[in-house]
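Structure below; questions to follow.
Should a chain be cited, it is by its letter among A, B and C, assigned in written order, with residues numbered from 1 in that chain.
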Amino acid sequence: DDYDAARTARDWDDATWILTSSFIIFTMQSGFGMLESGCVSHKNEVNIMMKNVADVIFGGISYWMLGYGFSFGTDPGTNGFCGLGKFFLDPADDASMGTEYSRFVFQASFATTATTIVSGALAERVRFTSYLVFSFFNTFIYCFPAHWIWAESGWLRKLGVVDVAGDGPVHVVGGVSALIAAIMIKPRKGRFTSEDHHEMESPVGAILGLFILWWSWLAFNCGSTFGISGGKWKVASRAATNTLMAANSGGIVAFLSSYVVYRNFHVRYVINGVLGALVGITACCAVTSVKESLAIGGLAALFVLLADAAMIRLKIDDPVSAFAVHGVGGTWGLLATGLFAHKDTVARIFNDNNGLVAGGGFYLLGIQALAAGSIALWTASIVIVLYKIIDLTIGLRLSPSEEESGADFIEHNVNHRHLHTKRRKSTTVSTTPLTTAAATTTTTAALPPRTV
Amino acid sequence: DDYDAARTARDWDDATWILTSSFIIFTMQSGFGMLESGCVSHKNEVNIMMKNVADVIFGGISYWMLGYGFSFGTDPGTNGFCGLGKFFLDPADDASMGTEYSRFVFQASFATTATTIVSGALAERVRFTSYLVFSFFNTFIYCFPAHWIWAESGWLRKLGVVDVAGDGPVHVVGGVSALIAAIMIKPRKGRFTSEDHHEMESPVGAILGLFILWWSWLAFNCGSTFGISGGKWKVASRAATNTLMAANSGGIVAFLSSYVVYRNFHVRYVINGVLGALVGITACCAVTSVKESLAIGGLAALFVLLADAAMIRLKIDDPVSAFAVHGVGGTWGLLATGLFAHKDTVARIFNDNNGLVAGGGFYLLGIQALAAGSIALWTASIVIVLYKIIDLTIGLRLSPSEEESGADFIEHNVNHRHLHTKRRKSTTVSTTPLTTAAATTTTTAALPPRTV
Amino acid sequence: DDYDAARTARDWDDATWILTSSFIIFTMQSGFGMLESGCVSHKNEVNIMMKNVADVIFGGISYWMLGYGFSFGTDPGTNGFCGLGKFFLDPADDASMGTEYSRFVFQASFATTATTIVSGALAERVRFTSYLVFSFFNTFIYCFPAHWIWAESGWLRKLGVVDVAGDGPVHVVGGVSALIAAIMIKPRKGRFTSEDHHEMESPVGAILGLFILWWSWLAFNCGSTFGISGGKWKVASRAATNTLMAANSGGIVAFLSSYVVYRNFHVRYVINGVLGALVGITACCAVTSVKESLAIGGLAALFVLLADAAMIRLKIDDPVSAFAVHGVGGTWGLLATGLFAHKDTVARIFNDNNGLVAGGGFYLLGIQALAAGSIALWTASIVIVLYKIIDLTIGLRLSPSEEESGADFIEHNVNHRHLHTKRRKSTTVSTTPLTTAAATTTTTAALPPRTV
């Protein structure tokens, strides 16, 4: 009876941690929204916010329907590849509902984040209805790797993989998906030409987005102890410190790199460096030392910045560097865990092996590489098929004239030229950029008047 | 002694939950501010942020003076209609101060939210000093229904009303107050004419506001278990899941509705649909199933969108759809609880009756309808008198020329024409919109120069 | 054994509180960023956000290297002036790591906040590389006063000083540093002349910043109980109430003052009044009554507004009122504690003496004055030397033509004239402000083309 009482108090202490973390993790959607809308031109800034709204809504519903069950179902038939059961989750049982609901909320915050990563790579040229379909189905790219790594029966988990807060299922999945998307949809009109005018048009918004992501990453990584009782509060505290210090290290690398290249401190460098370091520390935040975290974060920033430069040289147009930050950062994070992880002797939930540097030999590194490779391969295969089907049915990309007018106007009837249009009436000299004026006027005629 | 120790640990576990939730709930003010300033024209965007500041300050002080006592006082004389005591709250007693202070913080976060809802309906035309007076007195519209529903002696609570997180005292009060306000103050100049240029001028800000509200709503609904110990963590987890899924359902309805009506995805539809669903699930978030939450959220979005269209047809000018979202959504939330609520067998704090669908007959539905009706009637009566008095003394509305110049300039000396004014000097052709130039110039002369 | 189990549960309950508070405190960086970027002209808005990024990164790394050890080290040699040990913090010991890591995260969130305060005073004219150096070294201005006040061996703590959430180490340090910085770097070009065009160019962003700071201040003050177990949850709840009510009182004073002076509600008055009150209540939030908090907050706002007016009269250019809010507010906060503090009979962690008004005589007031004076003197001495060295080596200030072009363009290659430049091509009349056109064109030629 005494044991039962203590057990119960532990339950609610853990639930407090899990729910509070989840609430903060959901603010990542605001962060991605501001970051991405800040990185694109004004004529597409509303569109990309709407995509982030759609990610939560359509990704959330498919995750509830099937995704959660494929990841964490435990019905007969559950195997190393996927779970079964808990579909259309609706636990009525008073005893188990607390655990089930709180786990669902936490996992849903992860699942919708994975989807959001891709929206940046498709920015300024994807058809919105296509994106809605993608939001719904992306869950199924995410939920199987999540099973492999986090479910007790997952094949990678059984091999001893370590991925504390999801470099595999969240970042490698999101990043590789972004790469394939960027290649398939082709660059924005005029991008990589001498006429290229694409740039980050709201840097203040983008940095606000960076900040929101930064703080919510603390909850993302620390919440991944999935409880606070026992020794979990200790590794959660370690995860917080390591996350902070890795980001600082990545930030220093970014500031220095930008200065070396440009004699200047570019916003994009700093954003990518800090985010890359945060992604890099995600897999082993709770099971490594502070000094190793500094190395992991600094190297993550370096790899991410190099990858971003390579993407530009290869003329793959990824407007918010989604592949560099999440794909490269996530892969490095998984491998770095193979190098720097220590046995988890405190909470005993994460890791039974030492990494290479800690004297554990090549075993863990091999498993981590296997995880990165298999998840990347899985993602690429599904995404190619999914996007091909979307392209052949709905059509993946806006028409050139629609792209010229901007998705805000085409998809959401938001007319940023509003003030200029009114102003034009009161002057004899047009002050509207010539490039968009014609397209805007034409398209307006084809649409019903806005009533609200 | 052992019992005492456990009792004490429960107290601080509950306090952690209550305080953390309160801190997140206060971020709703940021959400409403960004949403509302995004929905209005640039010349009124600062004014509406300042109103949200005023809501916390003036609403907070009157709630502390009298509101909290009328809601939760327990001195002799306390009755079904109102509490007495705890006015000018300042508990010095070491034993009770923890409970009293933490409850005050939580309730104050609710009270100031109720006030904020109204600011949108009055946007772009209310006199700021009138609004300050309203902020102060709105507390007294809120605090009595809060007593009826949440205090142990409240008449609706004694009848068995269920309103987990305040669809009655927060949303019906706020929404009905917004409706009366919008009718009494009349439409903005030019609104509902062919010359109408009012539109959402900062949609990115408005969607950021939606996001902030969305995540803080999780704390709003889950924090309303008012503790985490015992079975409360289970119903809090359920409340989180239901809140998320209802919002997703409402979002899907909004995306589809907008597409059906416009072949387009309007920002206003999506914002109203998601917020409407969040309001709709507020009353029974902790005591219904996930599938029923999906129904509640989807129907809430539908009702809210229809109500918003009706308001436009009736030419009642509610710039941010405050009545549709909060008034209609809140009423539906109370009624939906009468339909879908289940007995609370886990935490045993919310509900002793089953709703109609769960086989409990019409009793609960009747009580819920009584709550909605009596709160709406109470609110309407007081608001009409309050606004009439304000109108006859200070004056409710800006003069036509003040409205033309914009409240930012008139009330806060913020001149958005700044850049255009400077630019005009360097050109021979005026690029300033003709409509505001004259008014601005005139009014500038009448004001002291800005020194800071 | 039973005692051990309870002891452990306390540990993780406290860790939950400390970590959650820290996560929210870090959002203050977003608040300062938005507030400051809103207060300056558009051509410097990105620059000031980047400074806030740099504060976390460079301030965080120096705090980890040496700052934390100087504040909280306990190795032999530790004395009243500074701690020794815990440098390059990396606790490997399973038993102590939880406490050490969680304390580091909490303290790091404080340390980086202290640095951020100064960025506003240097706005629109400081060289970015100089600021990076300052960010790194500012930690050493902060960490010694933090030892004096919070470490068990600190000389002020031994005398009985009371500073719950850091009016001394955070606000007096930040504010005095801002004052010296503003005096040494001299006013912005054209400031305090008839040609002065400096004003708050994004008031909506500034108010969003105020909101973010306001809510995170709750975690700042309440988290400073540094735990929730025992009686700590009671004083944390009291701290939350007092923080809210002091801010409300300060807000009312600000609204009234602005109306008396301008017949208008100035954004800067309201921001400074609310923030000043929040600073004012910081030192004694947990150990005073609500009514006294109202007095402290209201007087804080008054002193801050008067100090800000005095700074303008003295022609000391502090663009975001950093000295007035933090320096004056922080000093008042320390003194107010000497007046209004009560013995902490509940948590028994903060205060053994009554203040003057509570009948404790002049002892506590004397100690508080000593704390304010010694911290101000310490800060001023170090800052003068540090800035003089930076000025003589890197150079503190941008050149006049760089300042004219704006730091966004000079330091970060962000060209806000982008749209105007394009527009110019399509018209025969220039619409670009003459003041910046020449400088921009000249400087563009000297820089490498932007590739991303």
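By our rule, a contact is a pair of C-beta atoms (placed from the backbone, for glycine too) under 8 Å apart; a residue touches a chain by one contact, two chains touch by 3 or more.
Fair warning: this is a prediction, and the values are worked out from it, not measured in the lab.
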Subject >> Superposing rotation of chain B relative to chain C, computed on C-alpha atoms, to nearest 5° >> reply: 120
**OP:** List the interface residue numbers of chain A and of chain C, divide the shared ones by all numbers used, and answer same when the ratio is over half, different when under half.
**Re:** different
Original post:
Roughly how far is chain A from chain C, going centre to centre by Cα mean, in whole Å?
Top reply: 31
Original post:
Which chain C residues touch at least two other chains?
Top reply: 9, 13, 16, 20, 429, 431
Subject >> Interfacial residue positions of chain A with respect to chain B in the complex >> reply: 5, 9, 11-13, 15-16, 19-20, 22-23, 26-27, 29-30, 33-34, 37, 45-46, 49-50, 52-54, 56-58, 60-61, 64, 88-90, 92, 94, 97-102, 104-105, 108, 128, 132, 202, 205, 408, 411-414, 418-419, 422-423, 426-429, 431, 447-448, 450-452
Original post:
Any idea which chain C residues touch chain B in the complex?
Top reply: 6, 9-10, 13, 16-17, 20, 24, 197, 199-201, 203-204, 207-208, 210-212, 214-215, 218-219, 222, 228-234, 236-238, 240-241, 244-245, 247-249, 251-252, 255, 262, 264-268, 270, 274, 289-291, 308, 312, 345-346, 429-435
